[in-house]
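Multiple structures follow.
Each of the next two complexes has chain A plus one more chain, namely chain B in the first and chain C in the second.
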Partner chain A sequence: MDLKALKKQESKRKISKGYMWAFFCALFWGIWYLPGTVVWVLNPFDKMNSAIAETSGDGIALVVTAVLITAFNALTVMLALMVWNGVLGKYKELGRTLREFHTCSKWFFLASICGGPMAILGSFIAMGFIGGSFAAVAGLLYPVIGSILAYYWYGERISKRAAIGIAVIVLGGVSIYGGGLLNELSSGNVPWIGYLGGLMAAIGWGTEGAIAGKGLDISEPDAGLTLRFLGENIIWWIIIVPILALVGFPMYSFAVQAFEPLTLLILIFAGITFGFCYVTWYKSFPLIGVGRGQGIGNLYGFCAVIFIFLFFGDVPDWTIILGGLLCIAGSFIMFTEDTSALETLRGD
Partner chain B sequence: MSGKRPIKFKILELFLDGKEYWNYEIVQKIQEEYGMRSDFQRDSINFDIIELASGGMLRDVEQKVDDNGIYKKGFLLHKYKITDFGIQRGSDACLRYV
Partner chain C sequence: MTQTAAAMEAYNAYWANSIIPAADVLWMVFILILAIVALWQARTFVSKF
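The block that comes next holds the complex of A and B.
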């Protein structure tokens, strides 16, 4: 076979593999909202929520319960990633990456602060207060935050096309938030903390991406992502959960009760889907470019809405569906800008 | 194994002399130094090189067909050179101890 035909074959293989990884990312990310929503009605989280609500009020009860759920989510993601690294034989690389604290792993720990207590906690809060579809679609606003940060931090220019994409995503955001809000304002019962959770998801994921990128470009993503979740576990289990326990919330007594077959199964399901959505996301980037990887990954919003409909029979408001469509359209406008990456992959 | 740097650090370090290298030359060096003998580990090192190239730190400057099975018979071999961005990231990461 000649050089030209081989180049074509190689790029074809790369592109189809890249799209496959990105599509798996969207599937895993979308499926994650199923266990994330279900876990709220399972014990001990259900009991914990009502027990704390009696003494501290509904709002605080939901946030404190969300903290424990997020902490368990971090734990099971870590487990899933440790198995993954074991299968790939990457424990040594994990150790080598961890030791490069100054140049590399400190970025993962910083990223975990934005990812954990902001994005993932926010998502669980949004799922608990409002619902899975809203949580998933609200998270779609993250590229706007990411590009604004890149503009101020790295001095990255925002092109006209990217600006149009951002505008479309923001319109989507107005639809996602505005639709429900109008109904609730008229009924006088607005779940503000849920909306705040949705915003936390978007801001958290946008910042996490910008920070983690600094470490990930010079490390193996499998190792880097595991360290990012190691950081998140430290934040929850060594800092926040003990502090909440000291303040007087019954964190440990409910945490111990989570070791119940059905609850554990759902938590492990959440860990596997969330862990692998991160892994597959990063696998797609070198093959089809960060832009396409993120654009297709963002189809997760749609996958989540479909899965939630199939499994729970929940049909989201049309404003959420319209907003989700606008966000996905906007992310394609933003991300598919740089066609040179795909052309170089194609060869000539 | 103590004291070894992460694999991507090592790859950048090898390219920091500014010369062009074929992917199999780099892969073989890393395989020897890190004791990574299996085909799977070989491909994983090669994927690290592809990731560094897609991150803009290496540039793919030449390709040829692997007729003799130096790396994988019948597949493409790639020759890479470090970019300015690669030199900057590589120096940050690797030259601290020099």
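The block that comes next holds the complex of A and C.
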């Protein structure tokens, strides 16, 4: 076998593994919506929501409760990632990547801002104000944002096939938002903050993917992703939660009460699913590129609807199903492009 | 803080309509199996690339 054939074989193996990681991401992300939904009805979050709603109104109560849930989610993700890195023997690499702040860590800390305060919080807001199925599929627009950013930032060319895929995803998003909005308008009750949460999720995850793609050029994904969650924990526990406590919200008293067996169990499963979803997402980027990784990862919406149907017995509205199917079709159009185009897409 | 009766009722209601028996336990079992498979694949990946 000559060198060219060996290189081709190696490339094929890498692409196949990349698709596998992206599919793992979709499965973990989809099933995260189970713990992510049920945690809202458990104490202390249920009591916290009611207590804040009495003084500050329902909207503020939901956002503040979502901040504490997201902060705990980030904490348990960090624990799950330490297990992941421990099993893979990556602690030394983790320390080495952490020390190289200026060259690579800065990208992961930036990614943590987009993925944390913007995307994850937005997803929780969408879930709390509208529902799990809506939240799952609302974020499906994120590859559109990722592709546009990659075009303007790296000079990544958008092929005709990719443009069609993006258009189909946009149509799916219109179906998701429009269908729900029409139903809400007809009932005279429009939870606009829920839609805003969905939009935050799409923009946040799309931007994060593009930024992470840049950071992963010079670092290893398992270690890089752990640093991204270190950054997110700093944002929640050292910046946002103390600020909310200073403003007068009872953040610490309810945070202490979260150490209850059932609540902790649910938070740990949220951490495992979200942590493993993220690490497999990041692992796919260097192998198949950010666009394809996001495209396959986008199947999480379909997975979430299936898991919610299987374990909750919830049958989603037809507009959400149609929107989800269109988004998945768009993703397939994007990632079934010729693999030889992968290396020439990057402009810099 | 222990869970109130209202919180437990709301929690159990989520799994009540599931088409899977013992759904309140099986979702966790499913996640654990998936996590172990992912870790095994990751270890294999580390040794091959």
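The working rule: the second predicted complex is superposed on the first by the 303 of 348 C-alpha atoms of A that agree within 3 Å, B and C clash if a C-alpha of one lies under 4 Å from a C-alpha of the other, contacts with A are read in each partner's own complex, and residues count from 1 in each chain.
Definition applied: a residue touches a chain if its C-beta (ideal position, glycine included) is under 8 Å from a C-beta of that chain, and two chains touch if they have at least 3 such contacts.
In this text the structure is predicted, and so the values were computed from the model without any measurement.
Peer 1: Touching A:Trp281, do we find chain B (first), chain C (second), both, or neither?
Peer 2: In the superposed model, A:Trp281 contacts neither chain B nor chain C.
Peer 1: For A:Phe108, using the defined touch cut-off, is the partner it touches chain B, chain C, both, or neither? Pick first, second, both or neither.
Peer 2: After superposition on chain A, A:Phe108 lies in contact with neither partner.
Peer 1: Applying the touch criterion given at the start, work out whether A:Trp205 contacts chain B, chain C, both or neither, answering first, second, both or neither.
Peer 2: neither
Peer 1: Examine A:Pro44 and indicate which partner it touches, taking first as chain B and second as chain C; both and neither are also allowed.
Peer 2: Second partner only.
Peer 1: State whether A:Leu262 touches chain B only (first), chain C only (second), both chains, or neither.
Peer 2: A:Leu262 sits against chain C, while chain B stays out of touch.
Peer 1: Going by the touch definition up top, name the partner, chain B or chain C, that contacts more of chain A.
Peer 2: C
Peer 1: Have a look at where A:Leu88 lands relative to chain B and chain C in the superposition and call it first, second, both or neither.
Peer 2: both
Peer 1: Check the residue A:Arg96 against both partner chains and state whether it touches chain B (first), chain C (second), both, or neither.
Peer 2: So A:Arg96 only meets chain B here.
Peer 1: Is A:Phe124 in contact with chain B, with chain C, with both, or with neither (first, second, both, neither)?
Peer 2: neither
Peer 1: Common interface residues of chain A with chain B and chain C?
Peer 2: Residues 88-89 of chain A touch both chain B and chain C.
Peer 1: Give every residue of chain A touching chain B within the complex, in rising order.
Peer 2: 1-3, 6-7, 10, 88-89, 92-93, 96-97, 100, 102-104, 217-221, 223, 285-287, 289, 341, 344, 347
Peer 1: Would you mind writing out the residues of chain A in touch with chain C in their complex?
Peer 2: 14, 17, 20, 24, 27-28, 31, 34, 37-38, 41-44, 46-47, 84, 87-89, 222, 257, 260, 262-263, 265, 269, 272-273, 276, 280, 283, 307, 309-314
Peer 1: Quick one: which bits of chain C touch chain A in the complex? Just the residue numbers, please.
Peer 2: Touch list, chain C to chain A: 1-4, 6-7, 10-11, 14-20, 23, 26-28, 30-32, 34-35, 38-39, 41-43, 45-46, 49.
Peer 1: Quick one: which bits of chain B touch chain A in the complex? Just the residue numbers, please.
Peer 2: Touch residues, chain B against chain A: 1, 4-9, 12, 34, 40-41, 44, 47-48, 50-55, 57, 60, 63-65, 74-76, 89, 92-93, 96.
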